[in-house]
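What follows is chain A paired twice: with chain B in the first complex and chain C in the second.
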Partner chain A sequence: MKNWPWAILAPAVIFVLIGIFSPWIMTHDPAAQDYGALLQGPSGAHWLGTDYLGRDMFSRIIGGARTSLVAMAFVLMAALAIGVVIGSFAGYVGGKTELVLISVIDIALALPSLVIALALMGVFAGENFSWMSDYWKMIVALTLAWWANYARMSRAVVVAELQQPYIEAARVMGASHIWIFTRHILPHVLGLVVVYASADAGALVLAIATLSFLGLGVAPPTPEWGQMLVDGMSYIEENPALVIIPGLALTAVVVSFNLLGEAFALQKVPRAVRGRFLARKKAARAAEEAARKEVEA
Partner chain B sequence: MLKLDRRSFLATTAGLSFLTFLPRIAFADGHADTLRVAIAGETGDLDLLQNVSTLSSYSAVFDALIHYGPGGALEPGLATAWKIAEDGLSISFDLREGVSFTDGTPFDATAAEWNLKRWMGVADFSWIGIADAYDNITIDAPNKITVKLKRPVPAALLELTIVRPVRFLSPKAAAGQPIGTGPWIVESYSSTETVLVRNDAYWGEKPAFGRMELKVVPDELARANALRAGELDVIGGDWVAALSPRRAKALEGEGMTIVAEPGTATTILGFSPKSPMMQDKAVRDAIFLGIDRAAVATVLFEGYADPTADIFPTTVPTAGARTPVPARDVAAAQAALTAGGWTGDASGWTKDGAALEIAFLVSEESFPGSRRIAEMIQGMLMEVGVKTNIETVDNATMHERRPNFDYDLTFFATYGAPYDPHGSLGASFVTASDTGPDGKIYVHPDLDALVATALETGGDAREGAMQAVYDWLRDNTAACPLVVTQRLWAVNPRVKGFTLPATDYDLPFKGITLG
Partner chain C sequence: MTDAIVAKGLKVHFQTAAGLVRAVDGVDLTVAQGAFHGIVGESGCGKTTLARALIGLQSATEGQVQILGRDRSDWARSDRKGFARAVQFIFQDPLGSMSRRQTVGQTLEEPLQIHSVGDAKARRARVAELLDLVALPATVLDRLPRSLSGGQRQRVSIARALALSPQVLICDEPLSALDVSVRAQIVNLFARLQAQLGLTIVIVAHDLAIVREVCSAVTVMYLGRVAEEGVAKALFADPAHPYSQALLSAVPSPDPRIEATRPRILLAGDPPSPRNPPPGCRFSTRCPVVEPRCRETEPALRAVQHGGAAACHLADANIHAMI
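Presenting the complex of A and B:
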């Protein structure tokens, strides 16, 4: 990883920048239809051509990046907050509360996140939720499907940290639970979940696109890559660019976020955490070796 | 190391060439007399009383008393002549003599009576006027029957041409055995294919080839590719294996023969009669005027659709006088809103503090391609200042919301031949009718009375009564007809003399020869 070109991470960075500055980058209104310029190839007027309603593909790709980025940011922040709160609380409090909460987390993890999101979208399709737009339904559904991993990780970190002597020392010195949690445990929890979230961002962009592909996400005319893909499918024979362009954008961003997560995991995780992990692993291996020798003897 | 001299190279090449041609040789042996037609769903056992099989194959196997001809002309089927009594309360039929079912059972008055009593007077089939009005049947002679009715049913003869349940099954057929008198006999059926062989004893014009294989290919692109590869001979037909205009255009460019003719079903934008927003006629008028039907027909239907402002096209009987198709007029649409008490401009409209915002319910499952049409309409209405929110839902949600009028706008289509105009009028524009998940296009007490009169009026007065319905719908902007999609089929060059079947519920085989 150390020797990998950092350019690989460029799509993720560009995606974020485009998402933020898209109104200034788009050359056309992404919803503007022009029946005189249907399914055109790239040109000076339309850098990536036009779609079946004569809409500018470049502007729709840029607009789609913003749609995905905003949804991804909302879902990641909400899922991370819910997961950290529930997981940390379970790990810190322990006992029956932990047992109940960990059971809920296990149930949530037993099903693929996308399946849960699809089921929730089905529930939200009912009249009771008609006050929510499809976009917010998607964000809520993905958040509720995505928090469990963060909760499980948070709990594991909290349980591990609570075993450490410095926590015991802090308690002996009379530190409050809030103090111990916010000053000593939360930084470790966040260190890990943020690294995971950076890799998870790609999966989330893909999930947003998948829901839109299935017609459950963003409503027209808002551009969204998954929806552009499904719309382009009908024209795949005569104009494959309608599928290839959003497909490539999606692929680049997902791969890039995955690599970003990996880079963070290998290089940005606090050295102390890695050191302890390696020490524990070394000790376990030594114990296994000793046991094996004892059996042989 | 492999050593390749010229002789072995030539021998290998010749061998490979032979192997390449093997499938074509096999095809030539096995399929020369076979027409291979795509169907979108399996045929099943073609039970005439159950709504489980696709509609496309019944007319190939089963005959009706009367057949639907071009433009709605009534053609003799198993009845050679018919006569409606002056009071409209009985219809007598002269049955075709010398006809047998393919199991050898003779078709006569007894067999006809047995068949008709399976659905006439049965509650499940009350949606058919003649079944609902049925009183009794009398056998007047070995080949003559009379159906007596409790009330006149002017569309009775047209109703006898529909796909099911009106066709005739052998009284001796065991359950699950599709035995009729039609030009084709079911040799086998499975989830992937139904094989029909020619009925050499057929009373009418016999097909020019001996075998028809109905291949189940649910995906439209796969059907087109199979046609290109020569694995299918014919694809198309709205109720057989729909061919999209875009795909037809692509196939036409590749040398396939595309057969397109004016359609019989209208795509309609429906206004919910229960939506407060859509109860405002000014809003309906604005939408009616704000849509460019010609652009919809050209851009999304590749020209394989005809813009319309009428509920029914002239390809169905008593479709009424023609309404000129309005050109899109944004200024007129905005003027309609202003006249209706709305204030605003292209950036938005308000009335009594409420913003003009419309929920457009769309389901790709229910109506493939509808989201693209909705997007186009959304763009057009945006220029008028009408904000449209497209809600894309699955089939189940559509089936739940449409019957409850839980939308502002949504798409409908009329049934087309041979069901129209009486079928769509009696179902989709009547408050009391049971259309199940299909919902209704528009209902109103005044409209109920007009439709009831039109459906009960026969003879020369019928056209006027029907026109009164069409006039009411137009004057009240009760619905927004968009286009009449053309009937589209694509044909492999080996198929000669292809002519469209009478309706898109029928399989094509008449007049076809195989090269």
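Presenting the complex of A and C:
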């Protein structure tokens, strides 16, 4: 990790920080309506203007970051936990249990996650689930749509590690299965799964926005980027910024998590960035060199 | 005094796509307490499988193993940790047998943690003691196994096996991954540890010169069976089985004059496949002194002149098959 361009972490870190500190960053209450200032452009009072209800766009974008971050964190943690437990169990136990679990995982993987999530949202709309708020329905639906990939990866790592001779050595030392799993196998599983999750986070933010865009996720007063897109669409001619701003925010988050994931996975600069990043560094060094020569002359 | 290891009629068969492989096919083995017992033979003769079956890393198809007077599988099942404290194993590949994520210190501490030996301070003291025992400097503690030399790695794996003060140590070719120059050091380490700790050591090897140097007893294997066994010095001085004679004649002598003139026995071809061993004596296909009866009946182990036993029709207490 030496010479690692830590700058690549910046966008994702900024997103997380904004999400955490959003109440202190917001200039207005994101739900407060002001009929005196509808669909305004950027101004001193409203940095990014206002939407069709006169709500401050800047505060809504910042608040939306927190909504996305929290929902994403819930889903990722739950999907990761379920996936790691099921996948590891399948890989460690082997035999028929493994076969059955793999079939379940494969079926879950065969369907696009968003389709599963949408179908589950449909099921959850029934009366039996009226005790859950829409928000939690979305979290549960996304979790159930997202765990399979983590299960598949966990199983693969467990199976590969179990074949290593040092597992045999641990067994000879009298180690229990729990010892072998937690001490030797789990760290490998988590190592891979967390890297994957860092890239997956972007896709998840997008999925949350998609569900909200379809009116299935976060309920209206809460600021949410997907919902802001829908709201803004009707007024795209009066104020295109209402669509452009949340769209850009979403794009930025997805791209930054993808870069982060790739950087982690390769332990080096993602190719897309590397060329330009290094070129700029080289140019800066050359300029410095030239300046020094000039001074010497 | 009970024997440290007694194996009776041990068979390990593998079902493969190409047929049944009889890796170990009816081995009786007795290792005396406090012995340094070598198991030798060429590649594929089943010596590694035998070592793994002795400690239970490989389940036996047939036969039983008794270790320190107790049935091995019963013991390992009912008292996994107690068994691990009494019997330890050293792997052929020291690097593979250690977690690549753990430092040497963590690797050495692990068995102590598994068996809840002492507190953190006592464990650290024990680890320092172990390093001393295998003559490693304390500076290796924070290093990862892959940054060690081959000899150091094997010393660490030996130290780990000794952490629980076992009575029996089974080693699967602990020398084959090492440089020739380092081999001697590790062999001397084994010999010193055995004398110092009163261990019973079973060592699988194909370097006969080393077995001759340090072992007290030796078993020669061929194609899943015992070809000859006996006290190391006596057997090496006067091998009764033609296979042992051929094996020994392949050991070079350090004296160039002897080396230039000593008789060599060259065996033709490879050993037959353990998938379908030849009828009669298993060595009959390559034996230079083969007789018709060798191809028909399989010879049982019989007492021979050097005090051990050999599985050869031509060998007995008075004469032995001389090539």
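The rule we apply is simple: the second predicted complex is superposed on the first by the 258 of 297 C-alpha atoms of A that agree within 3 Å, B and C clash if a C-alpha of one lies under 4 Å from a C-alpha of the other, contacts with A are read in each partner's own complex, and residues count from 1 in each chain.
Quick note on the criterion: a residue touches a chain if its C-beta (ideal position, glycine included) is under 8 Å from a C-beta of that chain, and two chains touch if they have at least 3 such contacts.
For clarity, every value in this text was computed on a predicted model and none was experimentally measured.
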Could you check whether chain B and chain C clash or fit when both are placed on chain A? fit
State whether A:D134 touches chain B only (first), chain C only (second), both chains, or neither. first
Quick one: is A:L216 in contact with chain B, with chain C, with both, or with neither? Answer first, second, both or neither. first
Given the superposition on chain A, which partner contacts more residues in chain A: chain B or chain C? B
When the two structures are overlaid on chain A, which partner does A:E237 contact: first (chain B), second (chain C), both, or neither? first
Does the superposition put A:A125 against chain B (first), chain C (second), both, or neither? first
If we overlay the two complexes on their shared chain A, which of chain B and chain C does A:L53 touch? Say first, second, both or neither. first
Contacts of A:Y166 with chain B and chain C, given as first, second, both or neither: second
So, does A:A175 touch the first partner chain B, the second partner chain C, both, or neither? second
Please indicate which partner A:H184 is in contact with in the superposed arrangement: first for chain B, second for chain C, both, or neither. second
Superposed, chain B and chain C have a smallest C-alpha gap in Å of 51
Could you list, by residue number, the parts of chain B that touch chain A in their complex? 221, 244, 246-247, 249-250, 295, 298-300, 364, 369, 371-372, 374-376, 378-379, 382, 389-394, 397, 406
Help me check something: in the complex, which residues belonging to chain C touch chain A? 55, 57, 80-81, 83-85, 88-89, 91, 93, 96-101, 110-111, 114-115, 157, 160, 164
Complex contacts: residues of chain A adjacent to chain C: 164-166, 168-176, 179, 183-184, 187-188
Chain B-facing residues of chain A, complex: 31-33, 35, 38, 52-53, 125, 127, 133-134, 215-216, 219-221, 231, 234-238
